[in-house]
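Beneath this line is the structure, given in structure tokens, with notes to follow.
Letters A, B and C name the chains as they come in the text, with residue numbers starting at 1 for each one.
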Amino acid sequence: MNMLTEASIEQKLSPMKNEPRIKMRGDKVTVHYGEKQALFGVDLQIPEHQVTALIGPSGCGKSTFLRCLNRMNDTIDGCRVGGKVTLDQEDVYDPKIDVVELRARVGMVFQKPNPFPKSIYENIAYGPRIHGLTKSKAEMDEVVEKSLRKAAIWDEVKDRLSESGTGLSGGQQQRLCIARAIAVSPEVILMDEPCSALDPIATAKVEELIDELRQNYTIVIVTHSMQQAARVSQRTAMFHIGYLVEEGPTDKMFTNPDDKRTQDYITGRFG
Amino acid sequence: MAAVETTGSGARTIDWSSDEFKKRRSRRYAADRRLQYYGIAAIATALGLLAILITSLVMTGYTAFTQTMVSVQITLDDERIDRNDVFGANWRNIVRDAFKAATPGLETADERAYFAMFTNNAPFLVRDRVVADPRLVGTTVTFTIPMADPVDQLAKGQIDRSTPESQRRVSDQQIAWFDGLAQQGMISRPFNTGLFFNADSRFPELAGLAGAISGSFWALMVCFFISFPCGIAAAIYLEEFAPKNKLTDLIEVNINNLAAVPSVVFGLLALAVFIGWFNMPRSIPLVGGLALALMTLPTIIIVTRASLKSVPSSIREAALGIGASKHEVIMHHILPLAMPTILTGTIIGLAQALGETAPLLLIGMNAFITSPPAGILEPATALPTQIFIWADSPERGFVSRTSAAILVLLGFLITMNAIAIFLRQRFERRW
Amino acid sequence: MVSYAFALILLLTLVAYFAARRQASVVGRSVGASMHSRPTYHGFNAAIWACAPPLIIVLVWVLFQDAVINRMILGLFDADRIAAMSSAERSLLISEIRQLAAGRQFGTPGEDLLAAAQTLNGWTWLAHVSMVVIVGVIGALGLVLGVRAIAPRYRARHSVELSLNIFMVFCSFVAVFTTIGIIASLVFESIQFFMRVPASEFFFGTRWEPQIPIRADQVAGSGAFGAIPVFVGTFVIATIAMVFAVPIGLMSAVYLTEYADVRVRSVVKPLLEILAGVPTVVYGFFAVLIVAPLIRDFGTGLGLSVAPRSALAAGGVMAIMLIPFISSLSDDALAAVPRALREGSYAMGATKGETIRKVLLPAALPGIMGGILLALSRAIGETMIVVMAAGLIASMNINPLDSVTTVTVQIVTLLIGDTAFDNPKTLSAFALGLMLFIITLFLNVIALSIVRKYREKY
């Protein structure tokens, strides 16, 4: 178990008030790509076991914010992050924090499905293997099966686990990537427009899956599609040119937004 | 408690901060660092080897850029030189007498060892100068004559005076004579202009690169004037005109493979076709240049095609739109825009051709030739083949000459590449 | 004389260009704006007419003149005597006559030779004069035709463009001609070789002693052409080179693409490229001067017997030449792996090292393999390093401290200073060359197709 800090004990008690625990929190997050500032002081809370949707027009900084949450921005040259991002009250940009551990706890699914050019089995086993989560082949088989089942793709691939992951259809590949993320038992799953490269049927399957995953995981999803945000999320945050415009419960955002820009965007006046 | 636990609902919780995981993570980071160290070690090895290569060439080669000379006064006596037949005078004795005068009290038995200290060709050097300027006859002139190779090395400190005489190429006696000459101020060590202006010679102290440099120049000229127009024409055809069919595919595969054929095979081709079938003479820069042109051609075609491809189609369309023919579009717009890149690639291709040795060996450009070629049809050597000849020569003095020749060759290569880089940075457009 | 011909052609070309251009503008002015082509095109058209045919004639003439005259000279002699001579004797006779014709006389040549030399000089002069005359006539004819063709509706531009197209197609085929020339010359001379030495000996024999006696009283080997030891030696040296070059090249590529920051990369990459730009003759000298003595001293220090021209020295230095080659091809292969795969792996919490070992290297493997095969082909075909640093005697052993010889070493040593292609010794070089060409071609084709397939994938 994680060390229980005082703050987290307090949080453990808070569900009594029927308020969900805050899993991650962004505090005045700023991002610079070289000279260019991409994010201006974003404050956002991500409640546990809920789906938080980040919406907004292209280039508004929603993907950038998402990538701050598991420090994927570290892999981009010339990218600097300011402010504070916490996971269970711990600052993820603290030098003491281990990026490898952080990314195992905060998994990610990308816009374009990116299975490794390995077998389906090896794609799932990759994470548990590098982190040393299983002790035996049998245990690994179990983890692979469970992950694939949770990602609702087990029935489609169980007979061809040794075939290449790149041979699957786009929708299957994306669910494989979700299964791959699940396999290391993350606490949070970040999804960067996971359905933008998929056809409507595959999209529906993935959306259904996201709703189920909420039971066990905290999910943050970046999406272009208003309908998708409305369908899958409990909370929505609206970004615009690097600023967080507004955030709140999804139904409120879509019916009665506070900000004019949100209303314009949702009703399709720009974006 | 275990680091990984499965709860009742089937969800697993993982205690990432447990000791087990901490240890594992530090092992993983150690593996990561190890990989990084391997990379650094690999790069250090490669760069270290480069450093050793350059240093050893400079260390052995720099001495050849100076040459130990002796300044000796020679009386060009009317009695001994017939003004009507300057060439036929007994130059050997005239020069030897002058050398003898510099070291008084020389025993007849020692003369042989004494004269061996000066270059064997000294009489001819003096003769050629007087033949060129007969007015010198009847005067006393100071000639500066190269010392023979062992003495040259002694003067440069490459022969250790403390080694036993039997293991030295210079005797104690010769050292004494040399010191005597030096005390009289007759010994000097100027910049070795002979290295650049003399042709090849059997004697290291006289051997120079003039023949090799001009041979390489002529061969590169032939190479350039064939491969450059031909390469550009072929590239334009393949890139802009050629229909996509089996034949053009074949040409393309051909060009790519030709670029990877070993150079010695081009030598065999030149030997069998140009010399064997067409009866061209051996050792001439024309044949060498032809072989190099065939080798350089694929490079130029590939570079030209890439740079033609990089010109944006908007320029093509704009020119076509105002009624230019396809040929005019290419000649007036595309080719001028692509030219800096093509020139850069060509210079780099020529630099490669300049360093190419094996094909030139096979067509006989490694002959011993003592005068620089005046054109593409005269027998010649080239810089790399000259290096090969000198590296193979048994005389010790050729070791530093070889390194010096390599430094000269590398100097040419660096200059050509610098021009290429300059062209690229100055003129290349980014679309 | 050839230069007169060229000067004449140049003159005719310039005259044709300016005359036609002037004529065209005169015609153009007289008919108004309805000329099809601009005057410049008419000028170019006439210039091409005036220069292309004579140029082709000169080239063909120069190529075949000597061969034709040689044949005619041989015809002067008694046919039976010539028929009885070997081709080496014939070429010796010809060169003797040519020396005489050029005024270089050695000893006292026979009367018949002197007469032949005189005839030869006469014919050569005649040939040159007639060449210049023919070139002049044909060039002038082209000029006249080109200028007379000028008319308002004459499509000079099309005609010029057609000539350009023909030139471009010809140039494109030069590469094909080169390949055909390589194959034809190698195959032709190899057939000559296999007519003298059975193929079974060449492919399966284990003794390689090509130095055969030219005169009966000479002491030399009896001449054995079993190429296996030569191939073994090639294999040994190429293997040594690859063993050193592959790990160093690959690891430096990994470091440069994945770990090094931009500044380190921008310094180290050009430095590595310098290694690639150093001519191989320089590496050969380096091997002889520094590496071979070093290895020898080191080996002797350890109590091993090391040959002065050890395979290790040649292979080791060859590795230095291959490092930048392998490094830059692996670099390309790693850089071609899509960013998405890297991110996918990092997002799983993999370290850089794990991402490289478990995702990037497997994904880039085809590209890297292609690069390694190309490097192997280079190692096999590399000539100067081994000519200078490897042995000359073929021996069947795979000890890296011993001296072995390679295919390229044999080709060069067999052909240096020898032109007569009529004894098995020189011809065997072409047989070896054919094998070398086939092996490297095979490796290149596989490597290039692997690399191409790999590029299509990403």
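To be clear about the criterion, a contact is a pair of C-beta atoms (placed from the backbone, for glycine too) under 8 Å apart; a residue touches a chain by one contact, two chains touch by 3 or more.
No experiment lies behind these values; they were computed from the predicted model shown.
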item	value
Category of the chain touch graph - line, ring, star, complete, other	complete
Chain pair with the higher count of C-beta pairs in contact (A-C, B-C)	B-C
Separation of subunit A from subunit C, taking each centre as the mean of its C-alpha atoms, in whole Å	59
For subunit B paired with subunit C, centre-to-centre distance based on mean C-alpha positions, whole Å	19
Per-residue multi-chain contacts in subunit A, two or more chains	100-101, 104, 130-131, 184
Per-residue overlap in subunit B, given as positions that touch at least 2 other chains	28-29
Residues within subunit C bordering two or more other chains	351, 354
Residue numbers on subunit B that touch subunit C, as the complex places them	28-29, 31-36, 38-43, 45-47, 49-50, 52-53, 56-57, 60, 229-231, 233-234, 236-238, 241-242, 250-251, 254-258, 260-266, 268-269, 271-273, 275-279, 282, 294, 297-298, 301, 325, 327, 351-352, 354-358, 361-362, 364, 366, 384-385, 387-388, 391-392, 399, 402-403, 406, 409-410, 413, 417
Of all residues in subunit A, those that touch subunit C in their complex	70, 72, 75, 77, 99-104, 107-108, 110, 112, 114-118, 126-127, 130-131, 177, 180-181, 184
Touch list for subunit C against partner subunit A, complex	261-262, 338, 340-351, 354, 358-359, 362-363
Subunit A - residues contacting subunit B, complex	1-3, 98, 100-101, 104-105, 130-133, 146, 184-185, 216
For the subunit B and subunit A complex, residues of the former touching the latter	1, 4, 9-17, 21, 24-25, 28-29
